[in-house]
Amino acid sequence: MKSLSADRLQDLAAALSAAGYRVVAPVEADGVVRFAPWSPGAAIRTDAVPVNSLKDVFFPPSEAIGRWRRSGDGFDAIETRPEAPKTAALAARPCDVAALAMLDAVFNWDFRDSFYDARRAATVVAALACSEADEECFCTSVGGRPDAAPGADALLRPADGGRTLIVEPLTDQGRDLAAAASGVLQDGAAAPDAPPEVRRRFDIGRVGAWLAGNFDSPLWKELSLPCLGCAACAYACPACHCFDIQDESGPNGVVRLRNWDACGLGLFTLHASGHNPRPDQASRWRQRVMHKLAYAPERFKVAACTGCGRCGRVCPRGMSLADTAERIAAAAAPAAGPAAGVPA
Amino acid sequence: MSQAGAPRITAFVCNWCTYAGADLAGTSRLQYAPEVRIVKLPCTGRISPLFILKAFEGGADAVLVSGCHPGDCHYTSGNYHARRRWGLLRKLLDLTGIDSRRLQFSWISAAEGQKFADLINDLTAKVREAGPFAGANPARKRLAPAPEEAQGPRRES
Amino acid sequence: MSRLGVFVCHCGENIGRTVDCAAVAAAAARFPGVVHSVDYKYMCSDPGQSMIKKAIADLKLTGVVVAACSPRMHERTFRSAAAQAGLNPYLLEMANVREHCSWVHADRAAATAKAVELVRLMVEKTRRDRALRPVRVPVEPTAMVVGGGIAGIQAALDIAAGGKKVVLVESGPSIGGHMARLSETFPTLDCSQCILTPRMVEAASHPNIRLMTYAEVAAVEGFVGNFEVTVRRKARFVDPDKCTGCGDCWNRCPQKRIPSEFDAGLGARRAIYVPFPQAVPNKPVIDAERCTMLKQGKCGLCAKVCPRGAVDFKDRDRLEKVKVGAVVLATGFELWDHASYGEYGGGRLADVIDGFAFERLASASGPTGGAIKRPSDGAEPKTVVFIQCCGSRDEKKGLPYCSKICCMYTAKHAMLYRHKVHDGEATVFYMDIRATGKGYEEFVRRAIDNDGARYVRGRVSRVYRRQDGRLVVKGADTLAGRPVTVLADMVVLADAVRPRRGSERLAQLFGVGYDQHGFYSEAHPKLRPVETAAAGVFLAGACQAPKDIPDAVAQASAAAAKTLGLFSQPQLEREPVIARVNRNLCSHCRSCVHTCPYGAVKDFEVKDRAGSVLKVVAEVNEGLCQGCGTCVAVCRSHCIDLDGFTDEQIHAQIAALEAA
Amino acid sequence: MTPPRCPPPPRGGAGDIGYYPGCSLAGGAVELDLSIRALARVAGAELREIDDWNCCGATAAHSLNHDLAVALPFRALALAEAQGLGTVLAPCAACFSRLKGTLVRLGRDPGLAERAARLAGLPFQGKVRVVSINGFINGLLADGLAGTLTRPLPGLKAVPYYGCLLSRGEGINEGEDPESPSAMEGAIKAAGCSVLPWNFATECCGGGFSMSKTEAVMDLGGAVLSDAKAAGADLVVVGCPMCHSNLDMRRRGAMPVLYLSELLGLAAGLSPAALGLDRHFTDARTVCAGGRP
Amino acid sequence: MSPTPSLREDAARLLREGRVKLVIGYRAHAGGGQGPAVPEGACRAPLAGGGGRRPAFIEEAHRAGELVFDGACSQNLAAYLKKPEVRARMPLAIVASEAVGRSLVSLAAESQFAQGALLALAFRGERYEGVKEVEELAALAREAAPEPRRDPDIGRRLAELAAWPAQRRAEWWSARFSRCTRCYACRAACPGCYCQRCVTERNVPQWVSTAALGHGNYAWNMIRAFHQAGRCTLCGACASACPQGLPLMLLNTFLAAQAAEQFDVEAGLDPAAKPLIGTWDPEDDNSFFT
């Protein structure tokens, strides 16, 4: 069994860096822990869920996907390829790793997105099993587990009461990573820690059933009233993947950019005519919930929510998908049951 | 298009005073540095802060804003409105790294051709001394549409 | 897609010497949207213009950039050429490669490079030009003159003589203004009423002039050429159509002791009265505050004696809307209240009077029949002290400015006094003598040399009344360097000239600026002295600054000329540089409303078909907008734009300067 | 529009009133001191003399050194502030003028407080209000003194004489026209006297030349009193020790000249001796008798 | 005594009497825990954790009992006035802490709601002041803050920045702005960001790049801050909404101090205030013009 002292994660990062990997990991800046490129000396924070998700490594907020040079009244295309250096993503949470199934599916179901795929191929993911779950966590309600990361290349499992991390390679890339880091890994037994209890739970089956028949429920209006219509939840979400394409032009040429976009923003579905098929926040919030818990499972057989709880942590108004799911589950409680039913 | 290393100065001027002042510099054959590019507006009051941000974004080494002297505005008070705007904007830009060497304000009347020429020469000299802004410009767009090395793959690996 | 033509002018050698015009034309040919680019010796010459016209027609150009001299020089020339060729003139722009380039740079390479960029800027702008039509506003060829003093009367007569209708609005019962109160006028000493009353009568009888006396402006809507002014016609309680002005009513009115405003309180009037015998119209009004019938329901004598039954106690204020195309403000002045000068008795000493009171004393039609009598006891004052600059040029207690007319009227007063009281002594305390008009200095010298007025340069520190009733005037003779005390029978203060109370309110109604004292602001202090920031509103007389009669009359005629000029076309044509609000995006923060120097941005209610208000947004009045674009720049959501200088155009110009 | 940001001025009447006697009240104007203190006792106002007060700098300091001229009153005010006194009464008109003028100057020149504090060796936050004899008495009247004036003097015709120090100088007499002040009128009427209109209420008494050019004082003071006489006055009411000495001493015998505090003291039933009236050069007995000979 | 009973009574009364159609306030979070297990600084979770207060939208008098108010009620509810769903329910009442109150006054000055369309259930600190019209709210705000309030820590940090050379300032800010994802939570949380179409969403022309890259982020953060100049009441909603913890209050406080220093303007105290950008004074600073 290969393991690593929990306080030597930086050494692991340094070893990988030396082996030619670009390392991304939870690092802190200005009091905020973010998934970001690691640089020597930076502490890797395993005690916090980063504010952004692993998604950013494969699908950054903005990237250039095309370039053209002006030529008279026309343009000459310049080949634009993704920047995809060999990368090791360290200490990603199981819920973030779980979202890769959604991203892989959506970026490859028809058109194969070479920018996403190139980075996906160039990146090895070493997940970190959770040792704690906070009140926003709900991975177990959406089919996840805090202590397993299917889809990762390796798993770092806390052991010996958090002092040690057991390194479990899961794929060949994971084994390459372990090999590259062999200098900092040690052999020997360690007692894996018990997974944390995820206290928050709702019945996803009941939610799904309710969604199927309640597109026009007045509950959407009530649930969405606190929503101010920003994209904080979507951008923090490991599975949200909407984007907008913008051309920025100048006298010398044009750059085509792919920028994140979000269904919560009022302009998301605004037509040039001025018509907006999702005219209010209720229909936008419904879309977000439906997409995650109904449309994506139906279309890709994967949930677009992995229970990471980030939406609840970043929302300026304290809304969260879990809150909504719980309300729906409650609304879906058998209406004709003994509790609410007509006395026999 | 300008010579390599020459500073780029974007000037936002009003039609009635400073543009005419620049005309007078011309009719008086006053020589000044050729790096300035004038964008003519009806009034300094028309100049949105976004014009200035956009000029810096595009790589201007300095921006000049110039119009009628206080009290002389063709539209009576456009320049007063503008002055209040700049009183705040220049402080904000300074705080975030675009200091007063890069952002110049001046009142130049239609009669002040000499002042216009002197100002352009001074500003050009000042900007030359401060050096090119590209590296330190926080507003700068760094999205070369046709970067020299972009002829081939940009990946190192 | 744009089809632009670029025409690079050599201006003989003027541009060609330093700028390689052929190279500029060649570079411009490669700019996006440019289909035609040539250079030529003189673009403004006939062949040059023909070249442009031909290209527009043959190549179906959608826009033209002429790289030549300053647009201030030839933009008009080239735009009219474009129009002749069927291209909207606002689709032609000029790149200034002469004044801004060839004349100011020596290095041919640098100047050529700059010229190319200047052309590029204008190409980018022109690609985004839209065809504009000059704003045409119909003009209602009727003028309103506010204020029936000499300035207002003069403006009204001149406009009427020009064949246009005039509505003359006067707040008092009669036109005539302050000039009607004067005895004689400087520097000629001709009788004020003798020269004024014919003008008053002419104004009243002119077929083009409609008098609205006892009336005030209550509200103003609209803009140049199309004002709708609401006039409050104050209740007169006398039907002017029935009244013949016979005087039976006022002779019988028992309220005999009401101080006459016209006579500066030195004479009395009745509750039903005409302010002075030569009043126009010579029809009385009832002072509702003083009439016992109106106050207590007792009396009614005037109604009983009126042979025509013209008195109507049920009369009420009425609002009347008047449509006019231009307005002349001639609201005049009033005198500084010397109550704040405690050292001069603070208004409590009966024999310390102001200039108007002296005018009334000296006037043959005044309360004393022209005899100089002091107010306290009616005795003829044997010594009179005149104190200049009471309130003027006194930043501490009064006003900082010079009232301009006091030096002259004080000299006149001293003269009139000496003409009437041959053994009287006239002493004038002054700071400086400012006598800069034609014949003015000679006039003051006459007062001193011929009429023996004693001029003392210095300020008066105190005036008080001795127990024997005489006034002690203590002052300084700064030329002699010693304090002086004069025992006087009467003191005349040359109170400062200030705008009429309430002038600010009127200015706000018309959107006219005013200074901290309330004087109306002209559009430009040198070059547009009778216009205001509000198009179609002009100024005449002392409402703009202290003025004497000739200056007021001259400005009134100038305002009339401006008005007639405005009325010379059935429609106003204005540059189509106009701001426009995108109603869909306006959030109604009203920044633009506060910002507009012309009050051209107003609230607008967007309604549904049923007429209920959906939302309120800003809207620009085309008639008032002058195109400065200040509102555009304060709009946070950029939902206002300016035709001719749109955001898109300016953005494209700035973007065109992007560094490679 | 921005709302006011200054804290409201400290209120008078709350707690003790600081007392700044200055040099006059211990010398030539003992009767002013006596009558003010006596009147305060009647009204139930507590006067607390500022501990360790110093010269206000009148007459000399302001013509020599402007900062020092401010630092002297500044120190006295700073002491009052440190001693918890929100209001300071300076009965002497010259002291009042210096103290009040210092507050005005401090408000106008932001750097002055720092310089004065350096010179005085004490900090001062500006939380002290300065009142004159007129302001003080008007305050007492408003707070109930009017009701205790049991011995009015209805037969007397008085003229109020303000002189210069109580009315002139920027900010000295808030809101009043320095050319026609009226601060004493209400108090004189409260004492039962009638107030006559006259011309010399603010004319110069010659104060500055009291010692150096006595004949000028005789002329100026004489003119004041003859106008009072011509107006038909029985007495002149003053608030300033300089005015008092010039009219009472230099023109002795012409007409009774009383401090406002003395007049009010008489109306409150205090004895002439308790008010120091026996110290006058000009016999004031007719006044004491309420105008009855 | 807890203010909650009278708050609830007033809210119920207003609804019952039909004076308002909606009361916006705070309620306890149903699952309101004792705070998240994530350590301090792990993530910006200003509201989800902590006191567990959530916005409440009450339309029926009998539900007024859900309302609570205490120091944990830090969300600026005035931001809801820009939601069309909320505007459609005017007249409404809003529970107004001092910060919310100042925002409402500022919005009144910008004619964002009609006279009589809004009542405040006003608090000063945690003391309930009763039902207030906007004018009264302004008086309350002036009383509560006779002196401008500025965070001294922010002042210290600004002074530190001011001492650096411009290039270092540029680098410092660029590093921070580089984390901006353009989620616009700052804009959403701000009551003053009520434009129907934000300038960054205008694409003809595109003044502000929507890309979350250096130039777009700089332009966005500059123009957001500038558009608040003289309007920002320093409630801090934008900064606490920012998931990335960008130091937005440095910008806001800096401009608010400039507005006060240069133009004597303090936002949120006068419902009849004219806009700072949109008015002028001949005596405005002219020293930076040559």
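We call the chains A, B, C, D and E, going by the order they appear; numbering starts again at 1 in every chain.
Everything that follows uses one rule, which is that a contact is a pair of C-beta atoms (placed from the backbone, for glycine too) under 8 Å apart; a residue touches a chain by one contact, two chains touch by 3 or more.
Fair warning: this is a prediction, and the values are worked out from it, not measured in the lab.
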item	value
Contacts common to chain A and chain C (chain labels)	B, E
Reference chain B; chain at largest CA-centroid distance	D
By mean Cα position, the chain sitting nearest the middle	E
Longest centre-to-centre distance from chain C, chain (CA-based)	A
C-E against A-B, pair bridged by the larger set of C-beta contacts	C-E
Chain A-chain B separation of Cα centroids, rounded to whole Å	44
Computed distance of Cα centres, chain D from chain A, in Å	82
Rounded Å distance between chain A and chain E, as computed from the means of their C-alpha atoms	30
Cα-centroid distance, chain B relative to chain C, in whole angstrom	38
Multi-partner residues of chain E (at least 2 other chains)	199, 206-207, 209, 211, 213, 277-279
Sequence positions of chain C contacting 2 or more other chains	584, 595, 634, 638, 647, 651, 655, 657-658, 660
Residues on chain C engaged by chain B in the complex (per definition of touch)	70, 72, 96, 98-101, 103-107, 109-111, 113-114, 116-118, 121, 513, 521, 523, 533, 577, 595, 597-598, 626-630, 632-634, 638, 642, 644-645, 647, 650-651, 653-655, 657-660
Partner chain B, residues of chain A touching it in the complex	64, 67-69, 78-86, 122, 248-250, 252-255, 257
Residues of chain A touching chain C in the complex	70, 72-73, 249-252, 274
Residue numbers on chain E that touch chain A, as the complex places them	29-31, 33, 36-39, 41-49, 52-55, 57, 75, 79-80, 83-86, 176, 179, 181-185, 187-189, 201, 203, 206, 209-213, 216, 237, 240-241, 243-245, 247
Of all residues in chain B, those that touch chain A in their complex	58, 141, 143-146, 150-151, 153-157
